[in-house]
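Multiple structures are listed underneath, in structure tokens.
There are two complexes below, and they share subunit A, which is joined by subunit B in the first and by subunit C in the second.
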Partner chain A sequence: MTALIEIENLTVAFRSKGREVRAVEGVSLSVEARESHGLVGESGSGKSTILRAICGMAPVTGGSIRIGGRPVPTPRGRAFSTEVQMVFQDPYASLHPRHTIDRTLSEPLAIHGLPGADARVVQALTEVGLPPAFRFRYPHQLSGGQRQRVAIARALMLKPKILLLDEPTSALDASVQAEVLNLLNRLRAEQGLTFLMVSHDLAVIDHMCDRIMVLQHGRSVEEITRDDLAHARMTTAYARSLFDASADRMLDGTTEPTS
Partner chain B sequence: MTALRAWLSDPNPASRRQARLGQAWLAWQRIRRNRLAMAGLVIVGLLLLVAILAPLIAPHDPLAQNLSRRLLPPGTPGNLLGTDDFGRDIFSRIIHGARITLYIIALVAVTAPVLGLLIGTVAGYFGGWIDAALMRLTDIFLAFPRLILALALVAVLGPGIENAVLAIALTAWPPYARVARAETLTVRSSDYIAAIRLQGASAPRIIAGHVVPMCLPSVVIRVTLDMAGVILIAAGLGFLGLGVLPPTPEWGLMISSGRKYLFEQWWVATMPGLAIFIVSLGFNLLGDGLRDVLDPRSAAR
Partner chain C sequence: MNLLEVKNLRVTFATETGQVQAVRGVSFSLGHERLGIVGESGSGKTMTGRAVLRLVRPPGRIEADAMTFDGRDILHAPEREMRALRGKRIGMVMQDPKYSLNPVMTVGRQLTEGLRLRDGLGRADAAAKAIAALEAVQIRDPRRVMDAYPHELSGGMGQRVMIAMMLIPEPDLLIADEPTSALDVTVQAEVLSILDGLVRDRGMGLIFISHDLRLVARFCDRVLVMHKGLVVEEIEAAHLLEARHPYTRGLLNCLPRIGGPRGPLPVLDRAGI
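The block that comes next holds the complex of A and B.
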């Protein structure tokens, strides 16, 4: 059986002022359906670029991306948008400041000509734990956590199978962060979603992901499972240094004792 | 009244209309605190009122000539602001002239910004050669002095109010295209545009529904500030005899006909000049106020 997301030898190169900058180089990964896969690394390691390349927001200069066994079309098209959606890092920048929540959530339905927008919007709001009374508010009338919930609701409007999460909680404070992560875990269980999640924070990744890929300078350094992470069984020095940086926060959340 | 206020400032609006009206009400609250903007709004409101009620307010027929009462000074009983060289009442002519001024402004306001917005957002959104082609076209139009280009167009099309409007509109759009393009460039790379693109929206939908609303405030501000310039160009065309044709009571034309008597009968040219000055000032003050209210960068979020 083929995996839901298959990325082979992906290379993303940007041309800036005649110089070629390779953001991602020869990265391969595969994510099974209903799996949650994490991408970790410091800033500039190319982890967000992989997500952007899947969505067609970054140029694929080498290698291939397949969703459900089929190579993704360029441009991505409407069929792609009902399969893959993305949640962005900054909830203050990812919602249109002059559209109400209602408009933001009903727009995807209007694009795809889907009926029953009113009921779907209310349902989507309740699913992400927002009161339906918020429906006609503007983004500036919401807090960061509430905005991110709206962004998650928007990504789920088209009932995609895959959700790409680009540091969905790094702009939020710790308590709100946990709420949003729990919400994402609940939605994944309820709707059978597949996650590909980017974070620089191993504690977040540990809470969310079954398998983790560690990236450095656009290359894959190591691939480990959650179990390996919990028992600090990483083989490369780079992965260990990332682990050491967030180990103390991670241990609070896990019940398993570490050696 | 308090029920209406509570309905407007409800943090949880129950409908699309209530949300929109609530936002408009907040903007109104902000503009009301700005005294200069209110002064501008009052002047523009008065212009509107005068234009609508012109036949009722004006004491005389603006076209009725009376050569026995020509060039009377202001304050003459029956002729508040005096009479011109054909004995026509200047006050009545200024009042009727408000209609023509407003007509020109309205026509320019619905044509030039729309054209500018369209060209600017399309150029900014698509980038590449489309951007280069459209912006060089804009540069060509910007390279001409506005009045000279309008003069050339009127000279080709022939004088008249519609042609004057067309000439002004064709010379007024490039700055709006510039503003809209600059705004589009900052919006284009934002996450909310990436999100809507990822949802499969077409380019026309993104431009019309998502980019234009972000450009609109700066363009509206620009339009209001430019209105003074439009009035002056219309008056300039009238003054040169290429805009509105006599005997229509257009303000620029009135100044032009008063030029001959400027030293002895100063009021013939001065009174319409004052009208242009006051209306231009009104639009400028309103534009400044709108900038404070609408500009996304200055508004508290």
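The block that comes next holds the complex of A and C.
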């Protein structure tokens, strides 16, 4: 059986000021259907670029990306967006400030010429735990957590199989983060979704993902299961330094800061 | 005598829709120690920190029963006296370095300006001191950073430059408002141990503002937990895990933990607080 997401030897290089910046180099990754896979690493390590490359929003210079066994088309096109959707870190920047929530949610349906937008908008809001009346609001009339719920609702409008989640809770308070993570897990179970999720917070990734890839300078340095992570069975010094510095370990009161 | 004494501090904003009470009667004292202030966004942490420096802009208004720094009344001190304290004896690292660094001045000039104007150091001496401060915050190529403009720095770099700038005058009190929130965890740990060292070696007082209970528990001696402008609990950091207040407990419990249970995370019961 082939995995739902198969990335082989992916290389992404940006041209910046005449210089080539290799944001991702030779990364291979496969994610089974209904699996939740995490990407961690310091900022600039290429996590977002991998997600963007899948969506056709980064200059792929090598390797291949297959979804459901088929190479992704360039440009990605409409069929792709019914299969794969992305949720970004900053829900404020990713929602159009002058569009009502209703318009934001019904637009994907309109683009694909799908009927029944009205009922679907109400259903989508309910699914993410927002009152239907919120459809008449604008993003600035919502809290950060509510905006992220809208962004998740929008990503689910076309019933995709795969959600690419780029730091979806990094801008939220811990209590709101908990609500959004619970929502994502519930939706994954209910809708049989597959997640590829980026976070700089190892505890969040641990809570959400079955397997984790650790990235550094655009390369994969280690892939580790959740169980191995919990028992600190990482094999590289870099993965261990992330683990040691994870704020969540500071609650134990037994760990000294790395200095 | 305590370094800082704050009694019944209130910060109020007059808005079109009435009075917004950002801080509603906060009291605390600080010695040569690390005091953490935690709470969710909007709980009044930043306004508490800024009020100590009397840096709340109108229509915000500061009131208190008393506010003293090193025995001096900083509630009624003339603005001229406050300006002399700010930056020199009380430093503040702001939440967003982008707005705190001057965008049209190189880092080097910003770091050396005070040394040259205030302390009368020559160009070379001031530069040497600035470079030493950048090295103290683990900036590896301080000479390049000296020549850079703020927009050419990453968030983490900008935040470290801010900390370096605040440390140059060797303040007695540093107010650090989410100083590490924009940093990677490994860099975060580095910056925190720098601050840690300063408290230990120089006897500096530190007010460490953060929304991250875990960080505060690890790096502070004492913690104030704020909720809606009030301190709901004051607790020794080492005993944070035994906190009693339902709000503090709620904030602790909603955090995922490595190797923790996989079920739904407990969420804050806002009605119960």
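Here is the rule we use: the second predicted complex is superposed on the first by the 246 of 259 C-alpha atoms of A that agree within 3 Å, B and C clash if a C-alpha of one lies under 4 Å from a C-alpha of the other, contacts with A are read in each partner's own complex, and residues count from 1 in each chain.
Here is the rule we go by: a contact is a pair of C-beta atoms (placed from the backbone, for glycine too) under 8 Å apart; a residue touches a chain by one contact, two chains touch by 3 or more.
In this text, all values refer to a predicted model and were calculated from it rather than measured experimentally.
Touch criterion met: A:Leu158 reaches subunit B, while subunit C stays clear of it.
When the two structures are aligned on the shared chain, A:Asp102 is found in touch with subunit B, with no touch to subunit C. Of the two partner chains placed by the overlay, only subunit B lies in contact with A:His140; subunit C stays clear of it. Applying the stated contact rule after C-alpha superposition, one finds that A:Ala174 touches subunit C and leaves subunit B untouched.
Look at A:Gly77: by the touch rule set out above, it reaches subunit B but stays clear of subunit C. Legend: residue contacts after superposition of the two complexes on their common chain; A:Ser94 is shown touching subunit B, with no touch to subunit C. Of the two partner chains placed by superposition, only subunit B is touched by A:Ile111; subunit C is not.
Of the two partner chains placed by the overlay, only subunit C lies in contact with A:His200; subunit B stays clear of it.
According to the touch criterion, subunit A has no shared surface contacted by subunit B in one complex and subunit C in the other. Touching subunit C in their complex are the following residues of subunit A: 42-44, 144, 173-175, 177-179, 181-182, 185-186, 200-204, 206-208, 229-231, 241-243, 245-251, 253, 255, 257-259. Of all residues in subunit A, those touching subunit B in their complex are 55, 57, 76-78, 80-82, 84-86, 88-90, 93-100, 102-103, 107-108, 111-112, 131, 133-134, 136-138, 140-141, 151, 154-155, 157-158. Contact residues of subunit C toward subunit A in the complex are 40-41, 154-156, 184-190, 192-193, 196, 211-215, 217-219, 238, 241, 250-252, 254-260, 262, 264-268. Within the complex formed with subunit A, the residues of subunit B that make contact are 11-16, 18-19, 23, 190-192, 194-202, 205, 209-210, 213-214, 296, 301.
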